[in-house]
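Both complexes shown next keep chain A, but they swap its partner, so chain B is in the first and chain C is in the second.
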Partner chain A sequence: MNPELINILSSIIANATPLVIAGIGETISERSGVTNLSLDGSLQLSAMVGFAAALATGNILLGCFVGMLVGALIALIVVAGNIELRQDQVALGFVLTLLCADIAQFLGQDLSGERAITMPRVNVPLLADIPIIGPIFFQHTAIVYVSYALIFGVWWWMFHTRGGLALRASGDRPETAFARGTRVNRLRYFYTILGGALVGLGGAAFSLAIKPGWSNPPAMRGEGWIALAIVIFGGWHPFRVVLGAYLFAVLRALASAIQRSPDIDFPLVLLNLLPWLLMIGTLVLVSSGVVDRLLRLLPERAQKWTRNFLRSDPPTALGTRFDP
Partner chain B sequence: MKQHPALRVLYVIIPVLVSLAVTSALVIAVGESPFEVFEKLWEGAFRNTESVAGVVNFWIPLALACMGLIITFTAGLWNIGMEGQIMMGALFASWAARTIQLPPELLVPIELIIAALGGAFWGFVVGVLKTRFGVHEIFGGVGLNALVSVYAIYLISGPWRQPEGGNAQSTEPFPANALLNPMSDVFPVSLIALLITVAAILVVIWILRGTRWGLNLKATGKNPRSALLLGVPTTRSTLSAFMACGLLAGLAGAYRVLFTYDSLRPNVSGGIGFLALLVVLLVGIRPLWAPIIAFVFAAILAGSTRLRVSLQLDSSLAGVLQGTLVLVVLLFNGLRQRLTEARPASAAPAAHTSSTVSAPTSGSEGAAS
Partner chain C sequence: MDIQLTNINKHFGSVHANRDISMTLKSGQIVGILGENGAGKSTLMKILSGYQPADSGHIAIDGTPLKFGSPLKALEAGIGMLQQDPLDVASFTVLEDFIYGQPPARRTSGKAATALLRAQAERFGFHLPPDAPVASLSIGQRQQLEIVRLLALGVKALILDEPTTGISAEQKDILFGALRELATRDGMIVLLVSHKLEDVIALCDEVIVLRGGRLVGDRQMPATTHELVTLMFGQQLTTHERPKVALGEPDLKLDNVTLRTRRMHVDHFTLHPRRGEVIGFAGLDGSGQELILRACAGLEHPLSGTVSVRGKPMNGGRYRDFLAEGIVFCAAGRVEEGLIAGMTLTEHIALIGQGATIDWQASQARADAQIKHYNVRGTPQSEIQQLSGGNQQRFLMALLPDQPTVLVLEQPTRGLDVDSARYIWEQLLLRREQGASILFTSPDLDEVVQYSDRIVVCFAGRTTEIADASQVTIDELGRLIGGAF
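Coming up: the complex of A and B.
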């Protein structure tokens, strides 16, 4: 395989990482029944604060930790405001999105242009030496490996443990779960805060590893909305959410390849339409029943399997408050 | 049970104080004095008639947007696409101002109508995505916002580019006969736009209080399923709410290009659509309060432009102040409801005191449909 292609594929994996981590985080909290709509602002604020902390102390790990703390705190406001104070999750999330973006821009005004510190690249022993696969997947910064671990860890927890069953039950059938002894609201607290912390880690991954530094307006503006859409596209399943994140990164890489190629005459600015057209397009695809109609064309046996794979029903109780 | 007047004043003062405290903390964090910042904010908004006119120039599009959003909120819709609808209005108005050549008495009304249609069209797209394709209006809206904003940048840097040597950040100024006129030099505000805004406020209040359409919107917003069973055309209500909202958004966009900037710029809406959402969250669906709160927010916005000039501070501080205020009000209202319910004696009139429900109920159905 030619080295340039391997390079591109490897950068796709890296570029998708913040979206992967944030998407997984949001999947966890939505599975427990809480929509954390503040993603766009949370990502920006945690990226800014994480970068500032790392800059001040010279410690990247601390930067990531502070980013997670910020994300968790924002999620705490959403979930506590919803459970204790009975405010709408969407309303709280929306206000927080705007507020956090503004706070990030205000507090980060002197940070733009500061010399970026970057996570070191770590090659995984043995695996990094495998031809093709090694350079694509295992010669990255540490945060990328964290995202791999998260993907499989969360999937395993969600579908193969009792704890994961309780998590899904509190998002799908909170009354039933409660009747069986699950403390629904306590779980919602836990998973929303955990999900928020992951969103914060995604933000820190932006400013400390993938696009190091901070600029005004921040480069990751809008990413949070895409992450939210990816969760829907992914049907609230960790694997498909991650697939969506990588798909987005692939299409962006394609766009920038077009941008660089001299043969194609296309207004560069209009390429920025692509992620958004894609977002609307994929949502139409999974929400409108088009998929169902296409499925009927398939042979019977394949139908069931594909339908299961493409299933994208939201957790039944998503966004509703549960009063025991 | 009537609440003690002093108590009700307290309910307003506490959130304001908390949000001022949070904002002050941030100002101190960047090494400035909060008092100086608030003084500059006030000066920026109210130092003379001209600066007050600046506030009104923010208020006009903001109030139009708020009244539009009240319609969609009543119908239980989260119209985050507001920002894009304003941009679309601005785009359509710019197109008309650049292409049509007529005396101003004819041209300006035509521009406004075209802009309103543009906004309504973009609102319609959000509505169709929701009703026909099942895409939640939050995501449809966010996507459409980005689309129109990218397209505007494309127009400014491409087909509508200024001739060599011109500013790359805007189109050429529109011809004078295409612009709205200020009513006087000391108070540069467009009289026509002011009258339209006042009319829009009254019309929206009337629609919601006294028309069948308004009733349908309310029914759709409260409980779409039972409304449908009772014979309310919910799909039509949803679509018409989006279009009516887009109509007002389009007018707001037209004001931004035909008066505020005299040309099309990237990000011409300047976040007014999002700000209007905050205002409406704050006032709930009580249309009378929206223009008043909109005025306060417009003053903060206008005042913040002075922060950069005099203190080299980022004007996003305005957003911080407004955002914290809304957040604290939401949380504080919840706290208040809980406290009133906790006392059994006052449990009965809880329905009256809980006039703070601000979000449409169906908005909480989650991120997808």
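Coming up: the complex of A and C.
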């Protein structure tokens, strides 16, 4: 295989990683019934604070941890404001996203141009040596491997444990969850804060590994909105969310390749529109009856898996409060 | 197992939903809890199954007092409830829903859970494929899943809230077979909450009747429909004098109208309400009277036959066309359909006004006038949901056009106290003297007999007309409501 192509694919995996982590975080939060709309501001603030902490202490792990803490705190405001103060989730998230983005730019002024410290590259023993697959997937910084673990861990938790049943029931039908003994609001606190921490880790992944350093305006501005869109595109299923994040990275790589190429003359604006058009097209296709009719042709066992994978409805109780 | 309820009381605001209800339930019995909508059946069952706390009273199982805090505690005590809309999760598979919520002691998973589910389903002839999504099941199947799930949790008393609403006749047979087997073979207590007499007669060993929150009857089966209706509605009918009104020509005419929905059909119904005439519709909930009323106002379209106003055919017309002809509909759900929560009284007045712009001063003045005229306790600035039910209904009267031709009213005095109800009727009868015809439904037979000139009794979509309401006896009404013709 062309080494340049392998290089491109490998960088696609790396570039998608913050989106993957933040998307997974938002997925579990929304699955429990809470929309954390603060993603864009949350990513920027945690990236800035994480970078500052790592810079001050020289400890990258600490930087990641501080980033997670910031994300978790913002999520705590959203969920507590909704449950205890009866505020609207969307309104809270929206205000927080603007607030946090401004705070990040303001506090980060002196950080821009600071010499970046970055996560070291770690090759996974044995796996890294497999031709093609090794260089694409297993010659990355540690945060990329964390994202792999998250993808499978969250999927397994959601669909193979009783805890996962309670998580999905809380977002889909909290009355049922309550009747079956699940403490819905406690669960929503837990998953929203955990999801927020993952968003924070996504932010730290930006500033400490993928696009090291801090600049004004921040390089990751707008990524939070993309992550939110990817969760919808991903039908609240971890695998599809991840697929969406990678697809997005592929399209971006394609766009920049075309832009650089002297032979192809294609308007840049249209190229940038491409991911969104594709997303809308896919959503329309998935939510139309076509897929459902095709599904029925599959054997029953396969149906269950694909149905989960192709689901396009949001958690039924998403964004609503629950009073037991 | 014996369940003993002693002096259960429950209030919702000013409504006394359960008054001093005491009963004893013994294992192996199928007990029917009978009563009209709002009689307090569902409230009592929710208390028993832990979904709501009682205000006062005790529940004891085999003599041991119980304090239920949650459905889970009730389940641990062996009491499980099947809600009218089964509490499951649509996005789960059947198997996931089956195992979700099992207490640690009764956990099953993987193959064992599948086997248990299959065995239980097979025993009762239920069709429950483990991998099917719950969203793809019919209501009947979702009930079956809940029953199987509750049994796997070891319940000894099963409460079913209106289980035969929305399921097919075949599924009903399967369900009743399963319930009989549970009572006779497993010695379970089965409680069937229903307002459908035929279900209770077909299934139950004992019937407990609630009316207005009180326990008014407890009898062993078999009993005839007529006896049960008498228990449900009470013995006495009071007759009152009303001013006589000369009846005029009919404005609205329903001729040979056939209406169909998925659950109900009314065939070849003819009715010509005359000016100044009051026609009351009696019948158990969902017997077709709601459908007919909605057809009168263009909210339901007849499959065949004609609806006409003053000779003008109105088939397929929309509600606004009917409204233009002076036909006004008031739904039973006041806040849900008739009024808009969050809007003030003035805004409601402005809403029914004409023109593109709003004259706030005029609206406010009109709101003020109407509030005084209809004796509404509220201000023009009050939001409608802040008013009590009686005041909401009064204000709804204030919103009616001044000279309606036909008033179509679903349960016009639902949830009102005696005084408010009398006031509403005074207002309605005033419109009647001005020449309007009034069509209304009511679960209260007294109200139907008291105010109607003519009565239409509905049973399962069939209708019987009683031409002179003043001559009717409770006996006759009871027979007709219960379906004996």
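Operating definition for what follows: the second predicted complex is superposed on the first by the 280 of 324 C-alpha atoms of A that agree within 3 Å, B and C clash if a C-alpha of one lies under 4 Å from a C-alpha of the other, contacts with A are read in each partner's own complex, and residues count from 1 in each chain.
The rule is short, and it goes like this: a residue touches a chain if its C-beta (ideal position, glycine included) is under 8 Å from a C-beta of that chain, and two chains touch if they have at least 3 such contacts.
Every value quoted in this text rests on a predicted model; they were computed, and no experiment measured them.
By the document's definition of touching, neither partner reaches A:V79: not chain B, not chain C. Once the two complexes are overlaid on the shared chain, A:C64 sits clear of chain B and of chain C alike.
When the two complexes are overlaid on their common chain A, residue A:V269 makes contact with chain B while staying clear of chain C.
By the touch criterion stated above, A:A179 is placed in contact with chain C alone, chain B being left untouched.
In the superposed model, A:I151 makes contact with neither chain B nor chain C.
When the two complexes are overlaid on their common chain A, residue A:I21 makes contact with neither chain B nor chain C. When the two structures are aligned on the shared chain, A:L43 is found in touch with neither chain B nor chain C.
Which of chain B and chain C touches more residues of chain A: that partner is B.
Under the contact criterion defined above, the residues of chain A that touch both chain B in one complex and chain C in the other are 315.
Every residue of chain A that touches chain C in the complex is listed here, in rising order: 162, 165-166, 168-169, 172-173, 175-182, 300-301, 303-304, 307, 311, 313, 315-316. Only residues 51, 70-72, 87-93, 96, 99-101, 103, 107, 129, 131-133 of chain C touch chain A when the two sit together in their complex.
Considering their complex, residues 26, 29-30, 78, 80, 129, 132-136, 138-140, 142-144, 146-147, 150-151, 153-154, 157-158, 274, 277-278, 281, 313-314, 316-320, 323-324, 326-327, 330-331, 333-335, 337-338, 358-359, 363-369 of chain B touch chain A. Residue ranges on chain A touching chain B, taken from their complex, read 30, 35, 37, 77, 81, 84-92, 94-96, 98-99, 101-103, 105-107, 109-110, 216, 222, 225, 228-229, 231-232, 267, 269-270, 272-273, 275-277, 279-280, 283-284, 287-289, 312, 314-315, 318-321.
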